[in-house]
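Structure provided below as structure tokens; questions to follow.
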Amino acid sequence: MAFKLLKKIGVYIFVLIGLSILVFLIARVIPGDPARQALGPHASEETVQALRERMNLDKPLPLQYVLWLKDAVQLDLGESLLTRRSVVADIRQYLPATLEIVLLSSLCMVAGGILLGVLSAKYTGKWLDGIIRVLSYLGIVSPAFVWGVLFMLLFGYLIPILPTTGRIDQSVAAPAAITGMYTLDFLLAGNVAGWWDAFRHLILPGIALMLGGMAQAARLTRGNMVENSMKDYILAERAYGVPENRILRKYLLKPSLIPTITVMAMDISSIFGNAFLVENLFNYPGLSRYGLSAMLNKDINAISGVVMVLGITFIILNILSDLIVAWLDPRVRLMGGSED
Amino acid sequence: MKNEKNTIKSPQSAARTGAPKRDYWDEAKKLWYKFSLNRMSVVGLCIIIVILILAIFQPVIAPYPDHIGAVVDFENASKAPCADYWMGTDTVGRDIMSRIFYAFRSAFTMGLGVLAATVPIGSILGLVAGYWRGKWFSTLIMRVTDVFLALPPIILALCVCAVLRPTLLNSLLAMCFAWWPWYTRLTYSMATSLRNEMYIKSAELLGASKAHILFREILPNCTGSILTKATLDMGWVILNGATLSFVGLGEQPPAPALGTMVSDGAKYLPTQWWISIFPALAIMLIVLGFNLMGDGVKDMLSGKE
Amino acid sequence: MSDTNRAVDIRNLFVEYKTYAGMVKVLNGVNFNVDAGEKVAIVGETGCGKTTTVKSILRILSSNSRIPKGEIFFRGKDVLKMKDGEVKQLRGAGLSMIFQDPTMSLNPVFTIGEQMFEAIRNSGQEGCTRKDVQQELAVKALKETSMPDPERILLSYPFQLSGGMRQRVCIAMSLATPRDVVIADEPTTNLDVTIQDQVLKILKDRVESKNSSLILITHSLGVARETSDRIYVMYAGNMVETAPTAELFKRQLHPYTQALMRCIPRLSGGGVAEGIPGRIPNYLDPPKGCRFAPRCPRAVKRCHEEKPEFYDAGSGHQAACFHCEGGL
């Protein structure tokens, strides 16, 4: 099993490298001249040429890649053409904000989704199941930005109880940056009022992001549980007098969760994708909004940086989900599971 | 018989000569019956058909067919939904409903275009990689697929869009770039499990050509999954296309696109809610329709396998 | 009310399933009983309702099932009228069931030990909620089924054991705590032929040593002969004949049983085995009267219109056939 894990990590590293090449190629294939674009039409030719040289744009493509890679490994991702700061500094500022939202959304998504799925399976055919199924359907088909718009309308304006922009109110001072995540930092500093304010700002974008995944998780969990509930081993457990609730919570839940975990890992990574729009909508200063403006403004260093961060996150998520599946499913743990 | 060649082109065709002609009409009727067993799928199909009709016949059905262009009518600007304008008008006085109907065209073009390109290419790559699993090119194909799958498709599409000029065609190409690996992975896993089946082994032993095995033996067993996924994907591709136009990539104004309409209207929330909400609901409706159909397609094709 | 000497007594049981296509009328008035300590086999083709019959005793039929008529007595009490608490006791201590496919009847993501402990925990026996008592009982039960290294087995997962071992685990689980009745639903059908004998022998031994009753479902007359004191022959939702084992093999009264006997190839005399022409009836629209009548070589007009009762032919031999009416 350990060998398989190592082999998988090797594959992931390959994927990371491949991703870097892919992103590099995309960024460099821009028609037009990034240096010229950054400096504007009025800059002199010498300044543009100087920038070109600084960005290594005059060297052959493979060499450019190697130089870029060398810098990247030393955590130097170049300079953002928009903010004029190092991309790494930008990422360090914006990443925690996005992480905060994604963590909150993911937790709610997983917990809520599984809970709803279990309830739906327990009361199959009854009205609660029907409601959950319809809501899940709606949740799956609505894109995150639609939820964002709807909730902004409902809770931001019609019933103005939640803020719709930013991370904290202007009246509140940011906490000392330990993790960069305002909610955690406020808590660590013991500032409950501050925490509440930061948390309130997370609610609307967080909900918009998590609904799709939660609906998916609920649907999957329900489907798996209903399918497994007809298997012989559940019947056998019932025949031995095991109480129905215990069967549901323990013996039915575990085998049903296993296929769901892998899909949820993918859903979390798609939360990152949807964050691009939702952060924009709510003017939330996170990594995705930074990445989006980078893409719209052809800020190639920033694009590469953001995409690499996303790639690494995806890989970490995959490794985590593999570990969790191995923990839940002894067949995977002891037999090395199914082939690729 | 007719075929005078000595080599066996396909073991099945040797048996097939002399077999009764397939009654395609009857098979089609049976497929429809299986599809229609699921009521919700029929509802989904109806939704999609209605939307298609609205899209194709927009010039005839829409009340203000010319509002898709650079028309201004400030007298009727920002009107709430009323008898004249069922879904209200936007800030320059264009009828939202007519624009939505027209926007359906680019949505469907996107969906069909992307799938028409990615499904064949992705599936064939996956079949090849799966059947020849272990060979160097199979590993190469799958590793490249893994790289592409490492990012949410929307991000890949955004990247590509970012470097190209924003047009409908370019956003379509960007989506293709992001979408093909899903089909590769799908057919790869099916091909790897099917290639050890007895009927494949016996076809190999009988000397069937590789093309025959791939396309006449393995592929028919995958069509069910492929078509089901493709049906569901129509909705997702359209949704992602709307996402792209939401951020301003894709079809440019004044041509209407669903995502663009949502983002333009978002500025005017909550007072002029109709500008944003109706296009958003339209997107949801399309995705819902294809999702509902997906279940039916799955049932329709699963019995066949 | 029923004779409490009987562990299980099923009277005139009708069971149907609600499906999209209509009501599937599987059981058509089943009469069946088992005495304390008796070993009874139910023999019949696939789909004749054997599993439905035993599942209804434990009340583990699927949710689309209906029982319009009939009574099931367990030790004198009507199972169908039992409250939840009594049903739990019924399943925990009264009966246990061994399923056909040991791969599917053990939860794949829990250890053997966890599953056995759970079964013991719900038996209501004294001390059964204590881990050490569960361990002790489980190890003892495994040892009795000749399993090597029981402690290691308890820590293993089902996929790590062979088919025969899994079925022995199921047998151990079913008799880890005292039971009045053990139900075994085709316990050896999915096993290798070489293991079948062994598993059957263990089953028979264990049941006898605990003085439990055994209801063994099988489609093989040979297995029934080896293991049981009495045999029921079942066809299309009815018990058509019952007799003590030796008696049944000496003479058969019901045409179906006679045909079954002819299906078995014999080494001595007899010649080639025959099949039975025709097919089992459609349960959605079953024939009126005797359900075997359409295939029966001895059917008369009455058979197609009236349903035969179980007629007594003496020495514990009964058959549901008009030709046996009034005894022999």
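Couple of notes before you dig in:
Chains: A, B and C, in written order; residue numbering restarts at 1 for each.
Everything that follows uses one rule, which is that a contact is a pair of C-beta atoms (placed from the backbone, for glycine too) under 8 Å apart; a residue touches a chain by one contact, two chains touch by 3 or more.
These figures come from a predicted structure and were not determined experimentally.
If you draw each protein chain as a dot and join the dots that touch, you get a simple line with two loose ends. Chains A-B form the pair with the most C-beta pairs in contact. Rounded to whole angstrom, the centroid-to-centroid distance between chain A and chain B, based on C-alpha atoms, equals 25 Å.
Annotation: 52 Å between the Cα-based centres of chain B and chain C. Touching of two or more other chains is recorded for no residue of chain B. Multi-chain contact residues, meaning those touching two or more other chains, do not occur anywhere in chain C. The touching residues of chain C, counted against chain A in their complex, run 58, 60, 62, 88-93, 95-97, 99, 101, 104-111, 115, 118-119, 122-123, 157, 159-160, 173. Of all the residues in chain B, the ones that touch chain A in their complex are 142-144, 146-148, 150-155, 158-165, 192, 235, 239, 242-243, 246-249, 262, 266, 269-270, 273, 276-277, 280, 283-284, 287-288, 291. Considering their complex, residues 230-243, 251, 254-255, 258, 328-331, 334-335 of chain A touch chain C.
By the touch criterion stated above, chain A contacts chain B in their complex at residues 11, 14-16, 18-19, 22-23, 26-27, 29-31, 137-138, 140-143, 145-146, 149-150, 152-153, 156-158, 269-270, 272-274, 276-277, 280-281, 291-292, 295-296, 298, 303, 307, 310-311, 314-315, 339-340.
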